[in-house]
Amino acid sequence: MLKLSEEKVFKDPVHHSIFVQDPVIWKLIDTPEFQRLRRIRQLGTSYLTFHGAEHSRFTHSLGVYEITRKIIDQFERNGYADWPREERLVALCAALLHDIGHGPFSHSLEQVFGTDHEDWTCELILGDTGVNAVLREADASLPGKVAAVIRKDYEKPIVTSLVSSQLDADRMDYLLRDSYFAGVHYGSFDLDRILRVLRPHKGSIVVKESGMHAVEAYLMSRYQMYWQVYFHPVTRSSEVMLRAIFRRARELYADGYRFAFLLPPLESLFKGALTMSDFLELDESLVQTAFSRWKYEADPVLAELCRRFMNRRLYKYIALERREEGRIGELAREWEQAGLDPEYDLLIDTPTDLPYDVYDPETNRHGRDKLPILLLDDHGNCEEISRRSEVIRSIAGLQKGKYYVYFPEEKVKAAADRFSAGTRKLLNL
Amino acid sequence: MLKLSEEKVFKDPVHHSIFVQDPVIWKLIDTPEFQRLRRIRQLGTSYLTFHGAEHSRFTHSLGVYEITRKIIDQFERNGYADWPREERLVALCAALLHDIGHGPFSHSLEQVFGTDHEDWTCELILGDTGVNAVLREADASLPGKVAAVIRKDYEKPIVTSLVSSQLDADRMDYLLRDSYFAGVHYGSFDLDRILRVLRPHKGSIVVKESGMHAVEAYLMSRYQMYWQVYFHPVTRSSEVMLRAIFRRARELYADGYRFAFLLPPLESLFKGALTMSDFLELDESLVQTAFSRWKYEADPVLAELCRRFMNRRLYKYIALERREEGRIGELAREWEQAGLDPEYDLLIDTPTDLPYDVYDPETNRHGRDKLPILLLDDHGNCEEISRRSEVIRSIAGLQKGKYYVYFPEEKVKAAADRFSAGTRKLLNL
Amino acid sequence: MLKLSEEKVFKDPVHHSIFVQDPVIWKLIDTPEFQRLRRIRQLGTSYLTFHGAEHSRFTHSLGVYEITRKIIDQFERNGYADWPREERLVALCAALLHDIGHGPFSHSLEQVFGTDHEDWTCELILGDTGVNAVLREADASLPGKVAAVIRKDYEKPIVTSLVSSQLDADRMDYLLRDSYFAGVHYGSFDLDRILRVLRPHKGSIVVKESGMHAVEAYLMSRYQMYWQVYFHPVTRSSEVMLRAIFRRARELYADGYRFAFLLPPLESLFKGALTMSDFLELDESLVQTAFSRWKYEADPVLAELCRRFMNRRLYKYIALERREEGRIGELAREWEQAGLDPEYDLLIDTPTDLPYDVYDPETNRHGRDKLPILLLDDHGNCEEISRRSEVIRSIAGLQKGKYYVYFPEEKVKAAADRFSAGTRKLLNL
Amino acid sequence: MLKLSEEKVFKDPVHHSIFVQDPVIWKLIDTPEFQRLRRIRQLGTSYLTFHGAEHSRFTHSLGVYEITRKIIDQFERNGYADWPREERLVALCAALLHDIGHGPFSHSLEQVFGTDHEDWTCELILGDTGVNAVLREADASLPGKVAAVIRKDYEKPIVTSLVSSQLDADRMDYLLRDSYFAGVHYGSFDLDRILRVLRPHKGSIVVKESGMHAVEAYLMSRYQMYWQVYFHPVTRSSEVMLRAIFRRARELYADGYRFAFLLPPLESLFKGALTMSDFLELDESLVQTAFSRWKYEADPVLAELCRRFMNRRLYKYIALERREEGRIGELAREWEQAGLDPEYDLLIDTPTDLPYDVYDPETNRHGRDKLPILLLDDHGNCEEISRRSEVIRSIAGLQKGKYYVYFPEEKVKAAADRFSAGTRKLLNL
């Protein structure tokens, strides 16, 4: 692999500078598939709660690349025997490309349409794309290797663990980046310190024992970001509304409804027949343009949901404890009796909908999941970190999450006298 | 004006917290016209150069409001006699709303279609909109007053000078915000210090003499941001391409070309008959969706420009000194002789295209322009700041700016042997 | 209480600006007793581990004042009934003055000489001092009230809890300040957020329920700062050496040793007869000057310890688990057999020497201790926070801390063959 | 030169981490002469104006080393031919040690006693010291080389220009560091960017043309720091008082006055016979301890000045324009007539006392001075930067600075009616 004649530098708010020395990386950044990430926001609808969080997956992907590069540089500089130097390029490419399969408002869309961003990432790496051409040009085996890292079945698991483990470049970048753009403190931790205590060790990346407190701080950041930012109930309100829009549109399409406005990628999506070229058109601009037009659709449910979403008139919510799960059925019945639509005027966010990425020491029990974090002592022995840290045990074991019940406030208020006394109290009516 | 029962707080990366105590402000933020600003980027295409700069005019508008609120709070807390306390709400509304008339990629669009964002701002304030309803509900005279501030002909010029002068809340927020999101240092200055040295004085906002160095630092920040960020040649490349796309599409429409994809707002724009409802649909999502579809239009010029813009294959450039202006005509002739299109393969950015907002002590000579910055001494006398500061004189007088000539590199390279020797040298062929 | 005609502002790295509006505060800052705090470092010998941590108690005291002022301003602005407005000045004075009784390298000095900084703070407030004069001039009852707050027996405990509780202005400032100057991340938390969720409630300061995660983050910062900064083994090495120097000097004095250099305050200290005027001379400059001279004292133990301390040739250490406590006696015996001095060549830092200020929900069981943190729900009920947060329980219960055994490495190495095999292994000889 | 088996890291607030790979550097940091810098403040008495500015020359010296290391690493990584690789260690040692000859409150002390810190730095490097031993152990020629760099007559001027030029590691570190600790914004500039545009070129360090704006920003920072921080009139007040104390003490000593407290280093200083061992004892602790004792000296002038200095009761000031220089003599006469001491109750700070380090393109006219900043264009030609930048010309030419007249306010007020009307007006009596 040749070096670029002159190192390229991107200004980055999180890492100050991002350095590119490898021409393959430079060319990958220039592909249409990678540039498309500029039109997919990193945090979906979180900008409706934290207005600064408008950053794209493009910026995050560069950040993951940069952290991976720094880790590898440290390994190379210190000449650690357990790091396979020949894997540098595979690792950097996987880091850069790990998110290219994300669609617009990815989590909601995947939930409704059953697509999978990891599958799409692999298809874009292996299929007839600009990305594939750049990789192949460098080495015919490169696309296959990079896709294997993404699928977590690459023959050298240490490469996978750089990009996808409980302490990987992905998580490190997103915590720092999301907290920077959202303007909150919670996601901040000492990246430099963590990078200095990582060690390649028998096929995985482990942490020097003296770095335990730094890892505690990193996991607490993650814990805080999940509960304070990622699962903020206002953001979840916009997510359930988004899912309701997608659900309604698909239903209408299945029922033969004629949309006044429907672009090819959406039609393919509704049909369950998304081609790669459709996929590449499917970005958040297109979804927002569709919603903007659908405000005028004949179907009142779809039109109203789109109006609300575009103008940020979000559903209000009440929270139910897990043991109150039973009340949800009752609410649906009361909704119906009150003349409300139990399907679209009552949207439920269940704890299991939350993609909670808390640290779980047994996360890998299903084989292909995230590797736990291991501490390496001076004698070369490894121990899973939660055995050593009561703080980490406390968050690892946490069973949190409630049921959130979302509804259009003014409609529900208008029907107040048709609800039972208990429900009125629950809804603060 | 009543206060909100509980102060509302927005987390903001630049000001940490943005506080809303007035219900009118709270309701204005919730209008569709203001929410639309989330779909208009603050810096147009700058994100193609500084990838972090993806923030919207929504975040900036909240920031301008917050700085204005802080200045007024300081005036009220100190009980300065020259500040008309009854103007608080007018000033805050004008600060919040000053940018709602911006369209997508505003500067390029205005240049091609001759629209004016200040006019649109006034129309949205005075017309049949959510914003107007909120203002009228508070006070029937409020829309007229706010629009007058925007037009800079409000009867109390001190209110205008808060929102629009050489040292106004608008400039202070955008320098800090743009540098935060772009990840550069240049825009940073001591906001707290400047806020503390502002004084209302005989109908305008002036600066206590002891704040001169702080203002110097602010103006140097502005100088740096213009030359290092706003006028970055790569950003200008995307701007000239954007203008070329708009220009081409309008020409095609005028010539009766049938677009495969054309949404109502764009059609109205081409016709020069943009209604308010069209305008409100016209955001960057829609423009990007249009460009994404136009990649497949029959017209090869439009299709190619859109492909390049969406995939960030920007035109390369060379710079010409002002005295070399004459060469531009020669280049056009050579382009034509070489079989290239002198209209779309050769795009010129002239220094006068640059909306350079350098400090100019005589800026107000045309009556309705930006007021200069005055220093107030202990005896109550004011003096224009550049008379006191050699540093400010040095940037105030600066005649900078070159001609930039942009072109599709691979096309021009392919035609290399058809150019004269001088042109080949100029283009590094 | 009159206001200053013009608000005074101190530039502060942590709070940006510190505002003084009350003339009493302004005059207190100007007293010799308060200015003396510039000559006492906030973190004792921590600068020997984190070179940036050279800041003084002067800067911290201003910070505690500023946070207290912000909390009170918030209470006053919102007109909370449970805040006794007439206590503003008492609270601000107590906040500013809470540390004026600290001596040089306070913890070590107190441990050896049995002095108590809280007692000295009260003496300085009540005695014939500049501070007392300023307080009395404002109100004859003020010195007594401020001293009562310091002693934690003021009649209005809410005032005490502002300055001294588990979530007080003191802790909030020192975490932020110490981490800023040391250049570490651990002490950072969202101060603005915490200030917004504090509420005066029935005689104490409580936290709105929605602020629980912010308090978790604050307590985690504290946990991290204790283990990563305050109890850093290298800092502890310098502390045990400092104690050894003080111990040796006192012994020598008691034995009638004639010091070549001994200034009055030190002589009084050795005699146990420190007068107020002695105390005010006793700062870190004087201690360092004494140590600098004592390098040339006839007593070799004192001279060597001072040489090492001044030139930062610190003792090395090994750590023993709590269950290994028994080995310490064995080590002392071996030391003696090897011809080393078990008193000065073997210095022990026991876990109970650590002033560990972890959150303890039952901290107040002894009556006059720190109040626990209470969460206030929407119905006006309070609950101790660790009952609600597993994370806080995990750190509240922590029994950490080891025995650290410090020794002069080269001396111990020279005697290596006189130690038992087990000890040689323990000491890595 | 061997590498350390493991890279050492210092946490630093400005550079985050400071890396030491060379054992010589590690050992130099551990010498008594270098550790002594912890007892000398970087900014003398500036902490009396900006309370955070309590940092020592120790932290700054590490910072200068780190910036030098980063520059050299960049040169080595890119393999620039004009950088003499064999000079790495000489440059790093000179960077680290460049300030070890500074005494307490260096500028004032040098002015009164005529000592020179550069001379002392060379003596410490060449004499019988720990520093010399470490250097000699590495290479017998190293002390001589390092001293030559300090004296600016090393045979390879490129090494000197790293440590001492208009854009050297010294200035870059102190601007960033002083602004960090003082808590001001002015000193901030984009260090990373500047480091990337430096190039070794024909025996000196030059700047790539594209870095011109970054250098402008750096020079503006310097300009701001000088006028807003370093020459702050309150700081200057403490400096003139300090000089007055030193002056008085020396006079008394010369007149045979018997000091109640006088340590050897001070006595040697007064005699003009400072030995190296005296010099190494002479730190700010000792000076403060002396002043603290001198509050009780029999000489009332000395006692009063020391009391004021220690308790920060600084002289007040008025400013005179340069053309008003003549009034100073008149004031002295009036002082005398009014019964005041024209020598100690009237202290003058003249503009030429200011060590103003503004950028001066012709700075090197005297041969051994600071080299100007050169811009390197693509054709390998260099041009002095102020020829290209009007902004830099504007500050390079600046003739600023006034006369400041300092006096004890209450004494002068008490004598008010003995002054002429003009003087009363001038002094605001």
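Note that the chains take the letters A, B, C and D in the order they are written out, and that residue 1 is the start of every chain.
Assume a contact is a pair of C-beta atoms (placed from the backbone, for glycine too) under 8 Å apart; a residue touches a chain by one contact, two chains touch by 3 or more.
Since the model is a prediction, treat every value here as computed from it, not as a measurement.
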- Task: Average the CA atoms of each chain to get its centre, and name the chain whose centre is farthest from that of subunit C.
- Result: B
- Note on the structure: Of A-B and A-C, the pair with more C-beta contacts is A-B
- Message: Can you compute the centre-to-centre distance for subunit B and subunit C, using the mean CA position of each chain? Integer Å is fine.
- Response: 51
- Query: Hey, how far is the Cα centre of subunit A from the one of subunit C, in Å?
  - Reply: 43
- Between subunit A and subunit B, what is the separation of their C-alpha centroids in Å? 32
- Task: Indicate the residues of subunit B shared as contacts by at least two other chains.
- Result: 16, 184
- Seen from subunit A, its contact residues with subunit C in the complex are 184-186, 188-190, 193, 213, 216-217, 220, 223-224, 227-228, 390-391, 393-395, 397-398
- Message: Give the list of subunit B residues in touch with subunit A in this complex.
- Response: 10-14, 16, 30-32, 35, 38-39, 47, 50-52, 54-56, 58-59, 62, 180-184, 263, 281, 283-286, 288-289, 292-293, 310-313
- Task: Name, in rising order, each residue of subunit D that touches subunit A in their complex.
- Result: 7, 9, 16-17, 78, 192, 196
